[in-house]
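For clarity, chains are labelled A, B, C and D in written order, and residue numbers in each chain start from 1.
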Amino acid sequence: MTHLQLGMVGLGRMGANLVRRLMRGGHSCVVFDRDPAPGAALADEGATNAGSLAALVKALTPPRAVWVMLPAGKATEQAIAELAGLLEPGDAIVDGGNSFWKDDVRRARELARRGLDYLDVGTSGGVWGLERGYCLMIGGDADVVARLDPIFATLAPGRGAIPATPGRSGRDPRVEMGYLHAGPCGSGHFVKMIHNGIEYGMMQAFAEGFDILRHAASPALPVEHRFHLELADVAEVWRRGSVVTSWLLDLTATALAEDGELASYSGHVEDSGEGRWTVQAAIEEAVPAEVLTAALYTRFRSRQDHTFAEKVLSAMRKGFGGHVEPTKAAAAVSPDPAHG
Amino acid sequence: MTHLQLGMVGLGRMGANLVRRLMRGGHSCVVFDRDPAPGAALADEGATNAGSLAALVKALTPPRAVWVMLPAGKATEQAIAELAGLLEPGDAIVDGGNSFWKDDVRRARELARRGLDYLDVGTSGGVWGLERGYCLMIGGDADVVARLDPIFATLAPGRGAIPATPGRSGRDPRVEMGYLHAGPCGSGHFVKMIHNGIEYGMMQAFAEGFDILRHAASPALPVEHRFHLELADVAEVWRRGSVVTSWLLDLTATALAEDGELASYSGHVEDSGEGRWTVQAAIEEAVPAEVLTAALYTRFRSRQDHTFAEKVLSAMRKGFGGHVEPTKAAAAVSPDPAHG
Amino acid sequence: MTHLQLGMVGLGRMGANLVRRLMRGGHSCVVFDRDPAPGAALADEGATNAGSLAALVKALTPPRAVWVMLPAGKATEQAIAELAGLLEPGDAIVDGGNSFWKDDVRRARELARRGLDYLDVGTSGGVWGLERGYCLMIGGDADVVARLDPIFATLAPGRGAIPATPGRSGRDPRVEMGYLHAGPCGSGHFVKMIHNGIEYGMMQAFAEGFDILRHAASPALPVEHRFHLELADVAEVWRRGSVVTSWLLDLTATALAEDGELASYSGHVEDSGEGRWTVQAAIEEAVPAEVLTAALYTRFRSRQDHTFAEKVLSAMRKGFGGHVEPTKAAAAVSPDPAHG
Amino acid sequence: MTHLQLGMVGLGRMGANLVRRLMRGGHSCVVFDRDPAPGAALADEGATNAGSLAALVKALTPPRAVWVMLPAGKATEQAIAELAGLLEPGDAIVDGGNSFWKDDVRRARELARRGLDYLDVGTSGGVWGLERGYCLMIGGDADVVARLDPIFATLAPGRGAIPATPGRSGRDPRVEMGYLHAGPCGSGHFVKMIHNGIEYGMMQAFAEGFDILRHAASPALPVEHRFHLELADVAEVWRRGSVVTSWLLDLTATALAEDGELASYSGHVEDSGEGRWTVQAAIEEAVPAEVLTAALYTRFRSRQDHTFAEKVLSAMRKGFGGHVEPTKAAAAVSPDPAHG
């Protein structure tokens, strides 16, 4: 495999680990981050640490390839704008972050006017990617994707021990190595966005299921219909031969084995842009997406003590029925099933 | 109109007001409640206060009619069982509470074996019924409904100022008076149950709408896309010529005029059986009922600080992404739009 | 009341009826539509029919006010752009259509640079507005709203027979006449958008409820739990004293009185922009809007024979369980309850 | 491992394959089915084919164990009732089907009065179980579970190549072999029910995601925001290193590799009892289960051409807006993206 040179901008956990995996694969990396610490650490591991974007560009041999791994939105936008002013025709920018796909479409068009190539690469793998490899969803021109193929091949997990899907002979072999050229610019992040939307839905499916399992012990239920279930064991047994076998289940089993009450978690759940954009895409396409949307909304709800909506409900109930809702303290009926 | 004699068991707000409306209409009432206070008060207004169910039955002239207005479930079940032992063939029991309709079907069959008639009457009207009249949905045999017609006619709102629906000529005239003989036993509470299910959905529609209106002032939004709206005025203007004109909107307008923040409400929202049974009926019939169900679930959610489901989400997020969810205190990002 | 002169662009049902209601109120109208027919008709009723936008502008005395009543999007955008080139500083454009509120924000800023005023007016009332009046939600500068007050006062329903909401003394009296100055530009259409979002949710609540009522007759249910309900009567009785009393219920009662099977309706349900934008606003504000979103999605679903999603489900079921879904013909199990 | 003797009642695909896996494991099986064909086939493979339930019972040595593998409901109920009359105290009945868990609770109590043991065993594995093993969720008394342990150990997948979950030392080792003693009678089917509920949610998450991906090619979208995605490749790449890695994704990848249009599937999706009972359990416990419920409802919807609910919507829209919904033919706007 050809070894390439890559510039990496943004050395957070994801960016730094991408560099490490590339260097392990024999590629050479020039790195930059506003914070000098991660670059220094990577320099110890063999990377060239640039002091600025300009220095990074200078340290790369044309045709250059610079991978931007920054938070979506302003940070990415600014870095790409600055790079555009420093790079030369024939150079390429890769946005490996979680950008909104319509921003990719726009940026690709703008950069093309300057003779710069642009790829958007949805990158899945989280904290596990360094060892397991990253699942890559790539948007952009085929020749640019081909030029950077050694980079993608190194970052991706490869075929591994995963059984082949029957009936794929004749199809693009890169896909089975864990990287996909999805289509033109924007399509990489589009596919990654949907991936995350599905992820939300799957997570919520497990979350609701375990919530019902846990509340099977609720003292509000008749004794003969009450069960104290070992959630850690339930998750574990499903890992073997059941239909819901999945990596998310593996992670759940690990968390529940540690603490079946999950007491250390606040229950306050963040959402990133992809979940929201997935719903937006569904609406633009008039595709009903009940589950993906419901999964997003439970996260919104998790971050509030009480919604204003709920107060409106209470106000109406008082209005037509004279119902005075119990105060929060008085109404702490939410069952807390004692396990064991 | 013929004046009848009715026994009323259960003198909570609903039961007591039914008695008052009946007495205003010229009917005579024998009343009973475990708590002697409300019966004494009604005696002052002209009712006969019985000291026991047996005394109530004795005070009524056969064929008797006893209206049970108690909480659904045990209280109603026991009162009807006891009455069944006291009444004679030809007497009738009316369950005006919020019983589960399948209980009506069962009870009607059991009581029929003793020669007792049974009607289930869904009663809507809440605190306003005494003045406005009660919307009645009646299940049972036609001749029993006919026998008690003067009772229903008095309790119902009557035609009032409500414009006639075109195309109803030839249809059952009682309906326009505000009482409906829906069908056999169980159908009265079935129709009332669906009424409440719809009520949940409508309430939630308004609740969400006003929540979005309120959060239009969220500081998280760009300044040029931020509005401080007077929710009381929005509700008020919609009462006039808009499509969402409704009694629930009237009540919302009143509550918001009192306090646009609804600060006195905890946001803890109870649900009664009907909302749950509506979903159960939908599932038994394989009818998708997304909105009615979602409305029920927001109430479940409103009564918990955090669901276990949300903790499962956080645990997974930590597992695959190393995300540590902010603690509740640190993450109080929920916008609290300052009005004015 | 002062009588004003107004230009009306777009003479569809809404535009034409607005003109009629204004002329009945003593205002004079100059009208234009690409299609000459409606303008000619209105000319017979007293309007001045202009042959072009330029002619319309010429026929108005400064400071002019031109109300644009066109489909949201391109048609409105183009008409306003053309008008902007014809009008003079101090003139005002009113967008009374169903524009996206962010377009209003942008247009107001652009027009302000030319010295033109801009109001966005959400207009509810449909086919009934001519007689009942239109519920108006207005965004823009207070002085422009004040200048055109006679127009709004004439179009709005006025106080009518609607009982006053308690506790409104001291509040803006225009609201009780049926028109609201909601805030700066964009807020009029924002409030109207949420109105329509709520409308979707309420409609869906009724729709699901009546669907469950109808399927209570399903032959798949046990005989003793099966009811043949007269839906027209159910809707009618709820109009009197129930909690779900509303204009939408009135309309439902009328439709069901005409045909309890609603056989003339295909069940294919359109959605307009407002339902979608409401969900978008909810997501931007991180407000959970389960019911409003579910209501939108059922409309998306109603316009497809089968979703691709459903085929994916079938493919998975075949994969893990060997399930072969019945063909559509074989599986027509959807109960068609015979009434009577 | 001790080899046991087991009676199997019900020789459909599941029952027959359970027998095969048991015989491969060295156990001896006596089998019965109303249809003589599958029993004859199994006899060729070494089973004893009984001509009746009575013959089956006679062919077993006490203490007997009879596994019932029949459709939930009547078939299972009758078989167990008949077996109860044939078996002797100390014998055990195992219900391995998809019974409603409350039926198990009731049956266990009834059978205990006759001195019969009862286990409910949720069995996951479908057409793959014979080779991969079955994931078993068992409810009942610990000593009965222990007595039949060799049966469960043989049916379950065993540890296989699945990486161990960290932190499980000291926990029940059977779980990692793929079978779980969940708790008292009913809990086995309860856990299996939730498994299927989660399965519905996960399936729907994937289904919606792929629907959005497919409609990214919709001609209704702006050209620059339109993608023709190879769904088979998207599914395949996600199998490697992504967060949504799962067996359901493997199956989807296989189906899409075969035909990216899934043209052979009608989109008519059945649901079995577990999905419905999961929602029922959620409601009994007051646990919000938005995603699991939405997943159920899309299946209900998939089996209808148009819901009555949708006709109600159309009727209202005509009522307030004069909207006449397009006929189905005229409105076939559902985009059918041409791939390639």
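Keep this in mind: contacts are C-beta pairs under 8 Å (C-beta built on N, C-alpha and C of every residue); 3 or more make two chains touch, one makes a residue touch a chain.
Values in this document were obtained by computation on a predicted structure and should not be read as measured data.
*Asks:* So chain A and chain C are the same sequence; what rotation in degrees superposes their CA atoms, nearest 5?
*Replies:* So the angle, rounded to a multiple of 5, is 180 degrees.
*Asks:* Between A-B and A-D, which chain pair shares more contacting C-beta pairs?
*Replies:* Answer by contact count: A-D.
*Asks:* Taking the mean of the CA coordinates per chain, how far is chain A from chain C in Å?
*Replies:* 38
*Asks:* Distance from the CA centroid of chain A to that of chain D, rounded to the nearest Å?
*Replies:* 30
*Asks:* For chain A versus chain B, what separation do you get between their C-alpha means, in angstrom?
*Replies:* That gives a centre separation of 45 Å.
*Asks:* Residues touching two or more other chains, restricted to chain D: which are they?
*Replies:* Where chain D meets two or more other chains at a single residue, that happens at 126, 128, 204, 206, 208, 211, 215, 243, 247-248, 254, 286-290, 294, 297-298, 301, 303, 307, 309, 320.
*Asks:* Within the complex, which stretch of chain D touches chain A?
*Replies:* Against chain A, the touching part of chain D is residues 102, 105, 124-126, 128-129, 132-137, 156-163, 165-168, 171-172, 175-180, 182-184, 186-187, 190-191, 194-202, 204-206, 208-209, 211-213, 215-216, 218, 220-221, 224-225, 227-230, 232-234, 236-250, 253-254, 257-258, 278, 281-282, 284-292, 294-295, 297-298, 335.
*Asks:* Can you list the chain D residues touching chain C in their complex?
*Replies:* Of all residues in chain D, those touching chain C are 13, 126-128, 203-204, 206-208, 210-211, 214-215, 247-248, 251-252, 254-256, 262, 265-270, 290, 294, 298-299, 301-323, 325-328, 331, 333-334.
*Asks:* Which positions of chain C touch chain A when the two form their complex?
*Replies:* Within the complex, chain C contacts chain A at residues 243, 271, 276, 279-280, 283, 286-290, 293-294, 296-298, 300-301, 303, 307, 309, 320.
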